[in-house]
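Shared between the two complexes below is chain A, which pairs with chain B and chain C, respectively.
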Partner chain A sequence: MMEIQESYRDSLGLLNNTSIFSENLVREIVENCCSVLSGKTQNSERIFLKSDIEIQEVHAALLYTFAEFIRNNQTKEDYSIFLRNQCNLRNDLVDEIEHYYGKWNGLIRIQLLNIANHLPHVTDLKWKIDHVVKSNSEETSAGLLYRITLNTETFDEHLQKMVTKALEFSCTSEELQDLVYKLKESVRHLQKLRADN
Partner chain B sequence: MEEVDKIIIDSLKHINCDIDEDINSLKQFEPDLVLEAISSCLAIINPDIQVIKKLPASMSGKIKLASNVAQQIQTIGFKGDMGYQTILYSNEVEVRRVLMFLIERLPKEASPITTIEPVGYVARIVKDIEDSLKKSLNSMWLPTALLHYGTRQISDNIIVNSLGNSSELNSVNLILPSAENREYIPEVPRQCTKKQLLPSILFKPADFTNCSNWENLVQQRLIKTDITDQILDETSNDKYTESTPIESEKVEAPNTLKTSIEHLKIKKNELVALQESVNGLEKELKKIQNENLVEEKHLKEITHNAKILSTTLAVLYNEENKVKLTNSIEKAKNRLVDLKKQWDEVQSPLLEEHIALKSSVSSESIKNQNDGYKYKNLKQTYANLVRDFKEKYLLEEKLVEKCKELGNKNNRAAYTKRILEIVANIKKQNHEIEKVLLDTKDVQKDINSLTGQIDRSFTLSDELIFYDCKQDETARRAYKLLAALREECNGVLQAVSDMGQTERELRNLEEQIESEKSKGVKEKLEKIQKDLDEIQKEIKLLS
Partner chain C sequence: MLLSINNENKQHLEILTFQSESVIADFCKLTSQFLHHGPNQKRYDTAAQKLEVDVHVIQNCIYGLVHLLMLACKHKLSVHDFKDSVLALGFTNEQESVLTHFYESQHNELHSLIKPNLDEPHYYDMQWRFEVQLGSRSLLEQVTPLVVMNLSLKTTDGKEKENIEHHLIQTDPTNLLHLTNELERALSESRSRHSRKVENIINNL
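Here is the complex of A and B:
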């Protein structure tokens, strides 16, 4: 069983206070949390209009517990047990939050999966062949020259979104064969892994 | 049957059936083991069958389970008598029959069905990787545009096809609202970018301020500076983003903001300078505190020593104490003498006892030595006896072997039987020979009587015709013809007897040929011929 800090448990316990947290407000807060965690932009001004510190506390605690429970692959039953036993929430509240947890679980997990270091993802390839008839450089030998462009997808930290970048290079036919051979080898390796299993 | 049992047990071990090393035959199989063996086989023959490998404690449960298993075996096609009793009251023969049947039914490539669960973190991760690879290779390719954040869902599992949407783990320090912290804090999602939100919630950025001894103080200050930073950032951002034509009515707002920002900046700089000076002072304070600690330690030691010295001096300068001390020293001396006396009293009987014990020990050791000699002698005689016994044993074995050989040669009963048979045969043959002799005698008699008859009839006819010869010319001719006939007949008879003789000779010769053939002269000759040929070849080679 996971251990959640007491401060968060106390914060979630505030939800029992019906004078601040009406049914609609709870629903809005939870929905806002879910959509924020699943990477959607959400207008949260309406929730924080009252500028009650309790609302912010609950919001932050919900964000944390959702993320932590989904990170640890916990089911919605686990989450409801946590809410009921450790935060002492009312049953109707627990059911409401559990419902949202189950509904948004997959989308939030996808966001967690998207935290990673990675190589650019190749999506497409363009190529053309040049023929060097004569060159003034000693290093380039006459013959076929392949110009290859790999279209890759990568995340731009500055723009905060996915962009397509072109990766260009040129190579001789031997080098290209080498590359193709390596790609084929990796494909074979993957297929072998699959067959072994 | 032992061989069969071994094969069965070996096959059972091969299918991961837990059988002890001590068990060598089906006789030693307990009902539990029988059930385990049968159910292991069943599980491999038909993986769909649910099998239980342990007998339950209750009798009814046992019978139910056993009859269930028996039923399953019969559905596979076992023809023999099979019921719960076969498993519960295991009869060696029946169990052997059932197990042989089941082992014959095992799939030829008896690969153990039990899938090996990977143990350990790395092994499990590798297994997961393999599984997800398998799934993603089995699923259809989709262009990135159709994927949700580069992922797709395949039967409860999410597979990441493109990592184009993923960013590095980059977390920032979030300020979480709490009951104690009632200042204005922007709501959590606005404290960082969208991509930073999840990492920041889950993982705190590396924060070295915790290393400081003045944790609380510094943290509070840091939080305050952070807040100023963030407020600054926010206000500048707001200024940057919100100065859109729509809000052009608020022209004055930026100016006031600007002044307040500048004011804040100045304050911040002051704060930083103060913080630095405080840090420096803290360091000095720490240094001084350390020095202070060392000095205090030193002081404590010195005061302790001084106390001891002062008490000893006070004691020494008092006359009464001196007298007391001398008295106590004398007392101690007297006591020592007393103690010595007491010790002597205690020691002398103990010493005597010790001497007595020593003497007894020496006598014991002498006795032990004698016993040792005796033991050695006994050992020698034992060894001699053992040697004798071995020799005798070897002799016995030899004699037994000889006896066996003799027994083989003197198979008297068989020989006498054979002799009796031969004698009986010979008797039979004698009887037949006698019969043949009688026959030949009869034939001889017939021949003799016939020749006598011929002679008689010839002489009679000779006389008759001779009388008539004188009177009749034809009779004379007849007489001549008769004489010729007689001669011819004699010739014929002679020829017949000659033929018989030659036939006899022929038979003799044939017998001789047979006997010569039986000697194998021809083969021997061939062999000799071959040898000769080889020798000739060798001679040729040599020459």
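Here is the complex of A and C:
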């Protein structure tokens, strides 16, 4: 079982206080935490504008424990055991939070996975075919010319967010065939590995 | 290979065939100045007076020389072929050696002038490596397959120097398959009936 600091466990224990944490508020906080961790939204202003310090404490503890459990590859059952045994949360609360943990686990994993990816990640491409009719230079031979745009996603250290960049180049039929051949070779290698395992 | 020069340009160059080597060398200088700084009317007037011809004859002769050099560069003519082409225009061996020397001295510069200015990155090579990411600070115990690619693109700068740019990129197996399929589709599209039809029309223009 993972070790979580006592301060976080105490903060999560505040959820048992029904005079502050109604069913709807708990849902709103947990949903916002998942959304923030998966990179879909920022922290909810509605939650942060609330004057209760307990709400912000719970929000921070949920963010930390979700990230830490997913980072350590823990299942939703592990997380619910932690909430039940170490934070002493009521069963209905445990079931509710466990449900969100299971539902958002995949998306949050992807977000955590991307944090260490420094190379631009190719996600899509565009292509078009041109026919060169005439050029002022003898060096450019007439014929087909393919223009390829690779769409890549990369984490911008300066902006501190994912940015999309395009990598553009042109190639002749022979060069495109060479590129496709090499890509197919890598695909074949991957498929062979998958079949072997 | 012999250059094919139209009659108009041949007529423009004809006056040079009657001149001494030193006069041809002067015309080469005028041509060089034309290439670097544009026409110099004052010098053309002086040359016209010396040779007792109309100034337009001098101007056309300079244009004829520029055209001859450009054409030779465009067709990447060797020195040997350039010599033969000049001799075929009616120049003597002595005159030809002055012109050939001028062609050799101007070759590189002229070549950069007629280089295409559409310098877009062009595919050169691609190398790939298959990796499995096992863990990171933000996500422990993972098995994430990745294909890292080194895409080499060729670019040409203004001084006709070729540069190879290396772009390190990566992708996952799903996107790798998507990329491969899309590029294969591009290849097959170029062999489609529509593409071949358009290509035939353009070729017959």
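The working rule: the second predicted complex is superposed on the first by the 117 of 197 C-alpha atoms of A that agree within 3 Å, B and C clash if a C-alpha of one lies under 4 Å from a C-alpha of the other, contacts with A are read in each partner's own complex, and residues count from 1 in each chain.
Just so it is clear, a residue touches a chain if its C-beta (ideal position, glycine included) is under 8 Å from a C-beta of that chain, and two chains touch if they have at least 3 such contacts.
None of the values given here were measured: they were computed from a predicted structure.
Undergrad: Applying the touch criterion given at the start, work out whether A:Leu190 contacts chain B, chain C, both or neither, answering first, second, both or neither.
TA: It touches chain B and chain C both.
Undergrad: Determine, under the contact definition given at the top, whether A:Ser170 touches first (chain B), second (chain C), both, or neither.
TA: Touch status of A:Ser170: second partner only.
Undergrad: Check the residue A:Val36 against both partner chains and state whether it touches chain B (first), chain C (second), both, or neither.
TA: First partner only.
Undergrad: Which partner chains sit in contact with A:Thr123 here, chain B, chain C, both or neither? Use first/second/both/neither.
TA: both
Undergrad: Please work out whether A:Gln56 is in contact with chain B alone, chain C alone, both, or neither, and reply first, second, both or neither.
TA: It touches chain B, and chain C stays clear.
Undergrad: After superposition on the shared chain, which partner residues are touched by A:His131: those of chain B (first), chain C (second), both, or neither?
TA: second
Undergrad: Across the two complexes, find the residues of chain A that touch chain B and also touch chain C.
TA: 71, 109, 112-113, 115-117, 119-121, 123, 152, 190, 193
Undergrad: Give the list of chain B residues in touch with chain A in this complex.
TA: Going by the criterion above, the answer is residues 129-131, 133-134, 137-138, 143-144, 148-151, 153, 158, 160, 162-169, 174, 176-179, 182, 185, 187-189, 193-195, 197-199, 201-202.
Undergrad: Give every residue of chain A touching chain C within the complex, in rising order.
TA: Touch list, chain A to chain C: 70-73, 109, 112-113, 115-117, 119-125, 127, 129, 131, 133, 135-140, 144, 146, 148, 150, 152, 167-171, 173, 175-180, 182-187, 189-190, 193.
Undergrad: List the residues on chain C that touch chain A in their complex, please.
TA: It comes out as residues 74-76, 114-116, 118, 120-123, 126-128, 130, 133, 136-142, 144-145, 147-149, 151, 153, 167-173, 175-180, 182-184, 186-187, 189-190, 195, 198-199, 202, 205.
Undergrad: Once bound in the complex, which stretches of chain A touch chain B?
TA: For chain A paired with chain B, touching residues are 7, 11, 36-37, 39, 41-42, 44, 48, 53, 56-57, 59-60, 63-64, 67-68, 71, 106-107, 109-121, 123, 152-155, 157, 160, 162, 190-191, 193-194, 196-197.
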